[in-house]
Amino acid sequence: MSKLKRSLKRPKFTKALHQAPGTMTYVGNKETKETLLEVIDYNKDHYQRYTSTSPEDAFKFEEEQNTTWINIDGLNNTEEIEKLGKYYDLHPLIMEDIVNTGQRPKIDEYPEYLFIVAKMLYYNGDGSINNEHLSIVVGKDYVLTFQEAGGDVFDGLRERIKIGKGRIRSNGADYLMFALLDAVIDNYFAVVDDISDKIELFEDRIFHARTEDNLVLEIQELKRTILRIRRAVFPLREVVNRLLKVNHEIIEKKTESYIRDLHDHMIQISENIDLYREMIRSLLDMYMSTISNKMNEVMKVLTIMASIFIPLTFIAGIYGMNFEYMPELQWKYSYFVLWGIMLLLFIGMIFYFKRKKWL
Amino acid sequence: MSKLKRSLKRPKFTKALHQAPGTMTYVGNKETKETLLEVIDYNKDHYQRYTSTSPEDAFKFEEEQNTTWINIDGLNNTEEIEKLGKYYDLHPLIMEDIVNTGQRPKIDEYPEYLFIVAKMLYYNGDGSINNEHLSIVVGKDYVLTFQEAGGDVFDGLRERIKIGKGRIRSNGADYLMFALLDAVIDNYFAVVDDISDKIELFEDRIFHARTEDNLVLEIQELKRTILRIRRAVFPLREVVNRLLKVNHEIIEKKTESYIRDLHDHMIQISENIDLYREMIRSLLDMYMSTISNKMNEVMKVLTIMASIFIPLTFIAGIYGMNFEYMPELQWKYSYFVLWGIMLLLFIGMIFYFKRKKWL
Amino acid sequence: MSKLKRSLKRPKFTKALHQAPGTMTYVGNKETKETLLEVIDYNKDHYQRYTSTSPEDAFKFEEEQNTTWINIDGLNNTEEIEKLGKYYDLHPLIMEDIVNTGQRPKIDEYPEYLFIVAKMLYYNGDGSINNEHLSIVVGKDYVLTFQEAGGDVFDGLRERIKIGKGRIRSNGADYLMFALLDAVIDNYFAVVDDISDKIELFEDRIFHARTEDNLVLEIQELKRTILRIRRAVFPLREVVNRLLKVNHEIIEKKTESYIRDLHDHMIQISENIDLYREMIRSLLDMYMSTISNKMNEVMKVLTIMASIFIPLTFIAGIYGMNFEYMPELQWKYSYFVLWGIMLLLFIGMIFYFKRKKWL
Amino acid sequence: MSKLKRSLKRPKFTKALHQAPGTMTYVGNKETKETLLEVIDYNKDHYQRYTSTSPEDAFKFEEEQNTTWINIDGLNNTEEIEKLGKYYDLHPLIMEDIVNTGQRPKIDEYPEYLFIVAKMLYYNGDGSINNEHLSIVVGKDYVLTFQEAGGDVFDGLRERIKIGKGRIRSNGADYLMFALLDAVIDNYFAVVDDISDKIELFEDRIFHARTEDNLVLEIQELKRTILRIRRAVFPLREVVNRLLKVNHEIIEKKTESYIRDLHDHMIQISENIDLYREMIRSLLDMYMSTISNKMNEVMKVLTIMASIFIPLTFIAGIYGMNFEYMPELQWKYSYFVLWGIMLLLFIGMIFYFKRKKWL
Amino acid sequence: MSKLKRSLKRPKFTKALHQAPGTMTYVGNKETKETLLEVIDYNKDHYQRYTSTSPEDAFKFEEEQNTTWINIDGLNNTEEIEKLGKYYDLHPLIMEDIVNTGQRPKIDEYPEYLFIVAKMLYYNGDGSINNEHLSIVVGKDYVLTFQEAGGDVFDGLRERIKIGKGRIRSNGADYLMFALLDAVIDNYFAVVDDISDKIELFEDRIFHARTEDNLVLEIQELKRTILRIRRAVFPLREVVNRLLKVNHEIIEKKTESYIRDLHDHMIQISENIDLYREMIRSLLDMYMSTISNKMNEVMKVLTIMASIFIPLTFIAGIYGMNFEYMPELQWKYSYFVLWGIMLLLFIGMIFYFKRKKWL
């Protein structure tokens, strides 16, 4: 129907049916020609950016002092990803989750790294929402991010790393993880803000639209959108909450207050989503009562017209009868008297409907 | 009504009323002529498959190094099952649960084995859903599975064991249990995907159907289906969650991450079910407001027709009266003047309805 | 209204208003002439049954090796019950609860015995549901049961004790308690099954009934019935759950797995009740949309009839006018031309309504 | 609207706005001329009752062996209450809560006493519900109760203390507290019973009432009443639950089982309230579908009448036309033939509506 | 729409999109020319008040014995606030939260101070609600409060400090914090009271209004207002609850009972909000059923008028036909007989509708 719907399409799980567990199968809808690698290697004083299409190129960035962020675009080339996974010793089930776009946001703790799944929601140029699967592996001095296709919410972060603005360059991989999640969550605010605008727009449309034939459909569409956004956002709240409690050596003490800040944001978004969800539910009530109100008005017009003219027509019918002996027909003023009676009836009716507040 | 309904029929518990506890009574609807046994015995290097109709044939597969999977099809022959139960020393209450198809998914821990009840949901050839009671007993080196009738979701698994693909052959009975549950859960995805397709189909039908007389019935049917699927799926989530926490010697350390993966899948399905459930609820709202909308349209047509022609008919009635003294009747152009007046009235009405946005 | 309602009548608590706490007041609706005692005394090899109307007769069954089940029918004779209570040293608040039929299911633990309140739901011969207050006191080697009136769900159990079938004779008072609760719960299944049948019946009636005037009332009745059943069943689930955790010397180790089985059954019934409750809620939706649909159909017929004939009547009215100068009246074929015009209008209307899918 | 509403009026909190915390401000609606004191002093063998209007008179009842119950009627005379508060060393915040009738039921534990706030609900002589703020301070050998105005639910208790019936005289202040709460809760049963009666009355009215114009209003009124009762009752359940767990020297061991009994009653009332709340919600559904049903019936009558007579009127209109060449007009039997045709049409219509089950 | 809505406008989070975490960006709607500082320095015997526009002026109030309250009005001048933040060593994330008006109420504990975010809700002079972001930093002997603009709920508190009324002057910074929160919460009562008045007003309007076209819109507006109030109030309840449990040296023992009192008030408000929310939901039901009822009445009038006069008009039409052979036309009294028949029909119809209770 709308662009929203298409972009929030559910993955077809049946693609992966009857396969051995741990098998990598990309179930998403975004096919890319090749897998693109982007490596950003930095510390307080050093910054290097490198792009490639072969995973092997990433393995040389291995200095202890530096933080290395390797971003992979394109998941349908499972062999390439497998190579990277083997190099960094990722568990087969992680490999499966990276390409399984149906996987809900979660966090898995392994001795050497943390594995986080999240969903990026952001606006495309044409106004449609992009719902993209994002996997993050955070190690001691590296961060791997896996995305379905090019285009993401990290451009501001890339810029901050490059020009060394903010705290990013003087902190390690755990802070980079926080900054990535922070960018993801910031975009949730934008998407949720947009829903709020749409709700206000609908309220106007419900009361002023000419033909409201497909409004229900559109309200349902909005409802479905917020349900799907909710599904992307709410599990991430638990992920962030878990990050607060996890006692992993990768996460340094000073990063914790930033993660608490993330958690605050997640709660704020969650509350907004539930608020807007309730408002959307109200939209339908409004719409239904507006229809009822309009039907009521239609009925009133019909009833007033019919109630006034049907009796009058009956009277006219009486004197249209062809009986030979109808005394009134011969009286001279009966025609005018009849007009008077009909006028009185008319006025009486109008008065009656006025008193009933129908007019 | 539909095939769905029939296949998801509830068992009649009254069959088992007034019996001593622990009495085996098959309450399901699938009668089979005889109980079929299938034994698959394997280890890393060895594979043997054997079928029989007498339980005694299963007892000879007893080597410590091998994993033995004994699958029983057909539950109405309770004596045969009792023999097997006695051989493996199963508790009388387990025996009762194996044939009680009304038993919800659960896990019971015994010193020597784990007992799991699950529900298989899968599509028959004719598109109807099959809801089949499945009991799994997992011992140190054997797995017993009990099904109501032939036909299940384990063909892919059987194939993987046979050709030795994946991790199945190099792992023990606990991994086999995981693989069985994984196959069961994978089919939930297929069933739930289908519900999602049906919901989209309904949205189209609601807006384009000619006669929508039985749509409510069908929406209710869909609602009931998802409620019944929910009942099969949600308790299994708790079973898997319990498997994560159970500290039983049968379950080896390395299998745990696979069970965690199962748990992820169960949460994903549960969320999908609740999402679709909410969407189905919305379908009814959509349908109701569509009916209201259509009724509104019908009312408008009636009101417009009546409001325009009833007053005009009244006027025509007036001049059909047979009074002797009606001056207008003699005037030469009064007929044409009347046509003019009626035309003006007509145009005025049309204008009025346009302004009210009814036209 | 229906028999259901009458039999599930709430007790009038106001009967017991302004009384000292611990005062025994029977608030139920079932008056019996006298209190009937039934004593069943048994062990592995011994069985004796004895009935009486005076409580003192029960006190002689006092052998350590035997299990004694004393069943009391009729609660309005509070003095008789008080005698028994004093003999077995029951707490005054227990005595109050035994005759207070408004007491919800609960379990109280005392050093010497357990006190359980439950509700028996079972069908009378005439198809109405009987909701009866049942109190169970379980001691070391005796079980006391108090019922409002004769007639209960324990006939199967009595038979099993008599003929020594099953495990009952070789187990003690705790197993007897389990067997009593098991009989109570088995009957819940029958009652809930019946609700399910009624729901299916209603679905048919909603779509095929001639006059549906009192369907809402009946649906409400069904809803109320399930709400009341729920009230009898859900607290008992907690009682059974508590029995699982209670660490009382009366309950032997081997009985525990049977109580776990009870708990499984209670969860199953609870889920069924909630499922049927949701289905009943859907019935009302179905009914409402069916009414709307039918109203829509009525409106269509009216609109089609009126829209076709009102304009035609107007045309006929025009040529019924008595103006002297109406040129058409004199033309020879104008009558037939008019018929043609009216036919065209008629066909046009039919075509219009066909396109709107009203026909 | 009704008396119910007036008596359950919310206190105006704005009275107390912009005041320092701990300031005593009576926000209720019941003004009394003077504060009335009633002192009941008793032990096993001794009973004395004394009334006064000056708080100082209460201070002389100070014997260790006796239990002293001081009941104060009238809260708008804050200075008098303050004197008493100072004598018994009550915390300023307690003093504030005693006169703040908007305070919800709660329990505060202090080293020397317990402070309990509850709401008395009981029927006035004229059938309206009285919702009265009650504060209880329980010390070692005294109980203070503060009420808004004269008239309460403790007359039965006063009588029992006077004549020494029941356990009251042989127990201390903690049992008196239990007896007071028990009297409060007993009256909840009466109020809730009355709601249940009203619900049944409404069901009848919905189906048999002549003009149902203000039924919605009354149903809403009932809904609001139960919501307000709920607010008085539910927090008290937590108070009683807290009393069960509090480990205060004032509460003796033997009183605990009585408090457990209170808790049972509170749960029972809570469940009844929620049940009736759901039933009230159903009343509105019933009412709405009854309206729909009646509208449907009205529509049917209209449609039948219009569909039968509009076409017939059209036919009559045809032969009322004044064309010169209308061959049928001259045929001798055409009038009778027309009557035949119209009769056939009439019968056909009746038959059609019968088949549609509208007649 | 209404003033309410405008004043409860959500902040635009998109303002702060793509910024580094910890960046101060004011996202609210209240722009002030300059930041206003108000310093109140007091102890038991001393009181001093000082206002300024430069933060540096605040730093000189630094005596151990005194409590210093520094209130800052205006948040869009982020540099000024940053100076103050640096002086008091506030964490960057606190600085961000102070100006982020979208931040929900929360409490953060730091070693040196507590940081509390709350929302002030109060009425402007013109009757609109003001929703203002308030940040409170509580240190050992100072309290900082940050507000969006001038005008707040603390005037009563300022007066009490000035004239030394109540406990405020003899207590420290923790009691000042309590007094601030108490003032904030007291105003919630006023706002919630107003909602309750509006609900009662709506009930009247629903039943007596002439044109109810925009009532749904206004009910929705009220619903949205209470949802937004809820969002301001509920998180603060958790803040107060946390304050009860926090074990921070700043909060003295004697202040705890006051905080417990705050918590009581928060629960009371929360319950009121949920009660009114449910009542608002009921308003819509009432409105819908009122519309249905009115439509029913309209339909009845139409049906009665049409059912009476359409058959009569048909009869009149019959005798307006121009057949040559219509025997009745010549009979002398047929006109009067016909009037009789029509009168009988009329009376019969009236009788029929009376019996149906439509009249």
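Assorted remarks:
A, B, C, D and E label the chains in the order they appear, each numbered from 1.
Heads up, the rule we're going with is that a contact is a pair of C-beta atoms (placed from the backbone, for glycine too) under 8 Å apart; a residue touches a chain by one contact, two chains touch by 3 or more.
Since the structure is predicted, the reported quantities are computational estimates derived from the model, not experimental observations.
Counting hops only between chains that touch, chain B reaches chain C in a minimum of 1.
Under the contact definition, chain A and chain E share no contacting chain. If you average the CA atoms of chain A and of chain C, the two centres end up 43 Å from each other.
Measuring from the averaged C-alpha position of chain C to that of chain D gives a distance of 26 Å. In chain D, the residues that touch at least two other chains are 288, 292, 295, 299, 302, 306, 310, 313, 317, 320-322, 326. Taken as a graph of touching chains, this assembly is arranged as a ring, one closed cycle with exactly two partners per chain. Chain B meets chain C in the complex at residues 10, 12-14, 16-23, 91, 93, 96-97, 102-104, 106, 108, 210, 212-214, 216-217, 220, 223-224, 227-228, 231, 284, 287-288, 291-292, 294-295, 298-299, 301-302, 305-306, 309-310, 312-313, 316-317, 319-322, 326, 328-330, 332-335, 338. By the touch rule above, chain D contacts chain C in their complex via residues 155-156, 160, 165-168, 178-179, 182-183, 186-187, 189-190, 193, 196, 203, 207, 257-258, 260-261, 264, 267-268, 271, 275, 278-279, 282, 285-286, 288-290, 292-293, 295-296, 299-300, 302-303, 306-307, 310-311, 313-314, 317-318, 320-326, 357-358.
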